[in-house]
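Below, chain A partners chain B and then partners chain C, in two separate complexes.
Take a look at the complex of A and B:
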């Protein structure tokens, strides 16, 4: 009784301890977010006095009529899918290898550590580095032309739209496959071995078990990877900007992403911070909307699967 | 049985070949960068090499002539990374502890709100934040780079889960009976108990701040004296007329080496920390 009273008395400390978080959050996050929404409905301009006038949905309408914005929207999706799909395949293969109990591989801890390393490196430097590697006199040309003779003459890779896009996808995959593989391994090792044991009794093959047991039970983890990668991918900025060495993602705006476009709207000569705010609002709604769909799709599927499993278990 | 062994052997052979190829793809670009940082520009243009050169001091002197102050960038990066790491870890733990141990009104709603905020892209607040700081005349100063880290929803979420399993409420009760104040309990009991988790979070916060580019570009991009390493790397990269590749590679190497050192010491901590904040099933 006494301790309970004491606990109740102390509970106002809860408010005191969360106060710094709340105050800072309101000032430095909540208000700025509200401000972004507000600015997206104005023609605020960096040079001609900030606040501007409210112009309704005009920013959004003119963005969707701007071929450059549509281009940025398409590019962002293309670049994200082009790195997410290979990254996921690679990570699944690696995770299957690492967590395989029949063939115990050695040194998995070491390989995991090495594959994760690119994820910690400064993206700005990584992009600049690959840009240098791909120049006419860079090591990739000297390897393909001089050392191996695979190509007859050097190619200025980053002058070509397809090559530049491919390079962005490659760098993103390079930086993220290790992280994804590690998350998938931890998901796989938490699956109860009893599923595999009973499947093995039934004579199921390794591949069949992977597709029928591992993948379905991995769905919550796959959802997590998918959503975080999507939210991050929609904000892609450092790598395409530094690799293409131009604010509009040259050549031919092939790697112009939404965030790069947003920055271009804000900077000279447009200086249109209202329009830039509208870009981030659109970006937010796109990623939230798609994330919500993913949550729905995965959740119902998972429940269906569980029902099915239960039925199989009771019948068999 | 024999065919089974052959099968197993060939399976393992394929696996290791695959793993080693991926290993080379991960390591070679970084290794070549470190090597090139020690070579002359002429040697770099002549072709790639896997053996270090002897030109590192000369390359450093060339960078000095660029008018790009790398030591200043290192200092700025360190000031910002260390203060944001300290603030985000300390206050996130404090917030998570409050949710964990006290009962107060709107606690559930508050925690739900924090969870929702972890999914909001930082991009959504950047423009509003920029305009607001511009309005207050606080752009190009350290305050808006450091202070917001007190409110880090993702870190609070991690610590909440961490404290759920690491903290024994009886311990807090015992300390209260001994007459410790609530603030003392947090600093002298909860902080030490949470050290391993706090350390993991600190590494991730440090790396995040060290590598951050878009935020600093908007907030302190206009003040060269505050530029962090990523902004300096962009300037190093931006001047296309520069052909002193040895020096440029050295500059890039300097931006990566601190993280590579930290990682080679704490890689076990870091790799096991990756999954902590993700999915708990």
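Take a look at the complex of A and C:
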């Protein structure tokens, strides 16, 4: 009886300590998510009626029948892959050089800071900067046409779908590769140097060590970078919106992302909260599903290794 | 244990949602049945929300005359729709609702047609008293209720460069230049003369979109008729007009509000080849003179002239409304009356009485750049007639090379009609301009594809609209 009482008192204090987090989490995260799910099944509209009537899966059906939503979905993936792949390659190369024990680069801290700088800029500033660079009479055109003569006529870059998409990918890569590189460096430096030492004794080359030691041991960090970038990329919004200077990512909706689509539905003149919520729910499921696959892929590898190790141990 | 937690959690969710629903269903007596009732004010704090600090100028001056009140001012930029997107859910779902909101022409109809504004029919007699331009009142009316009033009237005009007119047309006499720019066709011809005489270094306008408002104002039908998207023939004509401007090099391909657009006013625009290029005219309304041109074109001071636009139009303007859920509806209504339907205030507003010194004498904590210079065109015909002469020999007069801007604004204002004005205008019009822009550059291959791209875009922003 006595022991049981003690246990209860302990539990009680534990709940008190976690209460602030749980309460804030429920109010500011769980409730909004649950409410978004609820709203996605309604025709809620800010002006014409809140909370609206339940209309089943109609919002989802009309979204998947909407070629513009499909385009937004495709654009989002295209823009994310188009910035994530180069960003990852760049960051891996930089991180490998920064953490390499054979190169022993000087002033890595300085360069890390420099590469990280674009990430500190406000998206508004970055978009305005690139917008200004890319206008018909802007610096890039005058460099290509006037200074170097590489082009005979100036080009209104942001009036072309390909150019606008490329610019968005470039900006995203440029803004995020420093951040990714720093995360990867911290992952790489946590790998025990003894692996490299023994590899070097065996005469392994730099590249071989990178692919056989660094990459496999970096998997947890890579997973983290991949998943956070995926979640961020699926919600890509500010740069495409501000750069293209239109709610629907002109020209011809070439950089319209799912998040922009969601906001176009939520804001005036649509005010269609139900439809916007449905877009959010789709976004939620895509992100969760792909993240889950990534976790699976990475986890099974680890498990395989553990299994192998166990087998070696039992056999030995 | 798990189940218990689940139950607890679910009941918590249910409780919070019930609570939120309960908050949203409060019925306010102020507008029930469309009859104006006057609930009691709660306090003497006037809560004002706006998208520029103009509102603070008016509010401070109002507080100067009514020392017992306190001003609680919120400013949120309207760039990217931020102000509207903040305000609409706030009014719809409740919260710290302001008493007075400022509304821009671009989105006033969206609010006026919503159920969230208070009725101000009791102020209508003042309209006759100060003789407000009819279109200004029209814009704030819905179903026979006056829901917003304005201190401004903002007809659009065409500002041209006098030195270029002398160079290419032999004279800068506004009445002669006006003849050249009397129709869209004659405007194109005049543009060709400028291009040929300048060797292609001077452009008629910055971009075809400068004329968009003129074409939009001349339509027979608005964008939305019986909940169906309607493309007026004049919008199709705008495509042709823009294509000619583009193909024949009559536009400088400079976007409105871009850095280069401002450089063009001040004559320091350089193209990619390193040659200086010039822009002959800017299509801007009344406020374009004081807020845009005079602020951004110091080196071309005195070199501008003003004529009527080949296609009459209207652009912008700020209206003031009282919210349905205002805590101080009477004070708020009194502020609207004082700011928009009061000849003394309007005259002071137009003649620069509300200077920084004046405002800082009332509230020393105000920033040193807050204040109102002379020149804004006001909504009362009585005031306009009375102060027209005041502008002779002011900065605005000299900026226009000795032309009185008030005279031409005063001639144009009575003709403005807002018959076509709809809450969705800005959103649909922007998509139209984007589609036309992509077509002009070749991103969109044909007019058919342009229309398809436009309809697709409208379907995103207006999912419930019929679009064929």
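Note that the second predicted complex is superposed on the first by the 276 of 316 C-alpha atoms of A that agree within 3 Å, B and C clash if a C-alpha of one lies under 4 Å from a C-alpha of the other, contacts with A are read in each partner's own complex, and residues count from 1 in each chain.
By our rule, a residue touches a chain if its C-beta (ideal position, glycine included) is under 8 Å from a C-beta of that chain, and two chains touch if they have at least 3 such contacts.
All figures in this text were calculated on a predicted structure; none of them were measured in a lab.
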Exercise for review: With everything superposed onto chain A, say whether chain B and chain C fit together or clash.
Suggested key: clash
Check your understanding: Just chain B (first), just chain C (second), both, or neither: which does A:270 touch?
Key -> second
Practice item. Pick one for A:137: touches chain B only (first), chain C only (second), both, or neither. Key: both
Review point. So, does A:154 touch the first partner chain B, the second partner chain C, both, or neither?
Key: second
Review point. Between chain B (first) and chain C (second), which, if any, makes contact with A:113: first, second, both or neither?
Key: first
Review point. Which holds for A:88: it touches chain B only (first), chain C only (second), both, or neither?
Key: neither
Exercise for review: Check the residue A:35 against both partner chains and state whether it touches chain B (first), chain C (second), both, or neither.
Suggested key: both
Review point. Which of the two partners, first being chain B and second being chain C, lies in contact with A:68: first, second, both, or neither?
Key: second
Check your understanding: So which one touches more of the residues on chain A, chain B or chain C?
Key -> B
Review point. Does chain B (first) or chain C (second) touch A:146, or do both, or does neither?
Key: both
Exercise for review: State whether A:236 touches chain B only (first), chain C only (second), both chains, or neither.
Suggested key: neither
Exercise for review: Looking only at the overlay on chain A, choose which of 93-101, 183-191, 237-245 or 273-281 in chain B hits chain C.
Suggested key: 237-245
Study note, to complete from the structure: Overlap of chain B and chain C contacts on chain A, residues 31, 34-35, 38, 46, 50, 131-132, 137, 142, 146, 242
Check your understanding: Of all residues in chain A, which touch chain B in the complex?
Key -> 3, 6-8, 10-18, 20-22, 24-25, 28-29, 31-39, 44, 46, 50, 90, 93-94, 97, 103, 105, 107, 109, 111-118, 120-125, 128-133, 137, 139, 142-143, 146-147, 174, 178-179, 182-183, 186-187, 190, 220-221, 224, 227, 231, 234-235, 237-238, 242, 245, 259, 262, 266, 273, 276-277, 280-281, 283-284, 287-288, 291
Review point. Given the complex with chain C, which residues does chain A contribute to the contact?
Key: 26-27, 30-31, 34-35, 38, 46-47, 50-51, 62, 66-68, 131-132, 135-138, 141-142, 144-146, 154, 156, 159-161, 241-242, 246-248, 250-253, 256, 261, 264-265, 267-272, 275
Study note, to complete from the structure: chain C residues touching chain A in their complex are 9, 12-13, 16-17, 21, 24, 80-81, 84-85, 88-89, 92-93, 107, 110, 114-115, 253-255, 258-260, 269-274, 277, 423-424, 427-428, 430-431, 434-435, 437-438, 440-441, 443-444, 453, 456-457, 459-464
Review point. For chain B, which residues are in contact with chain A within the complex?
Key: 8, 11-12, 15-16, 18-19, 22-23, 25-27, 29-30, 32-33, 45, 47-48, 91-92, 94-95, 97-99, 101-104, 107, 110, 117, 119-132, 134-135, 144, 147-148, 150-151, 153, 156, 173, 176, 182, 186, 207, 210-211, 213-214, 229-230, 233-234, 236-238, 240, 245, 248-249, 252, 255-256, 259-260, 263, 267-268, 270-271, 274-275, 278-279, 281
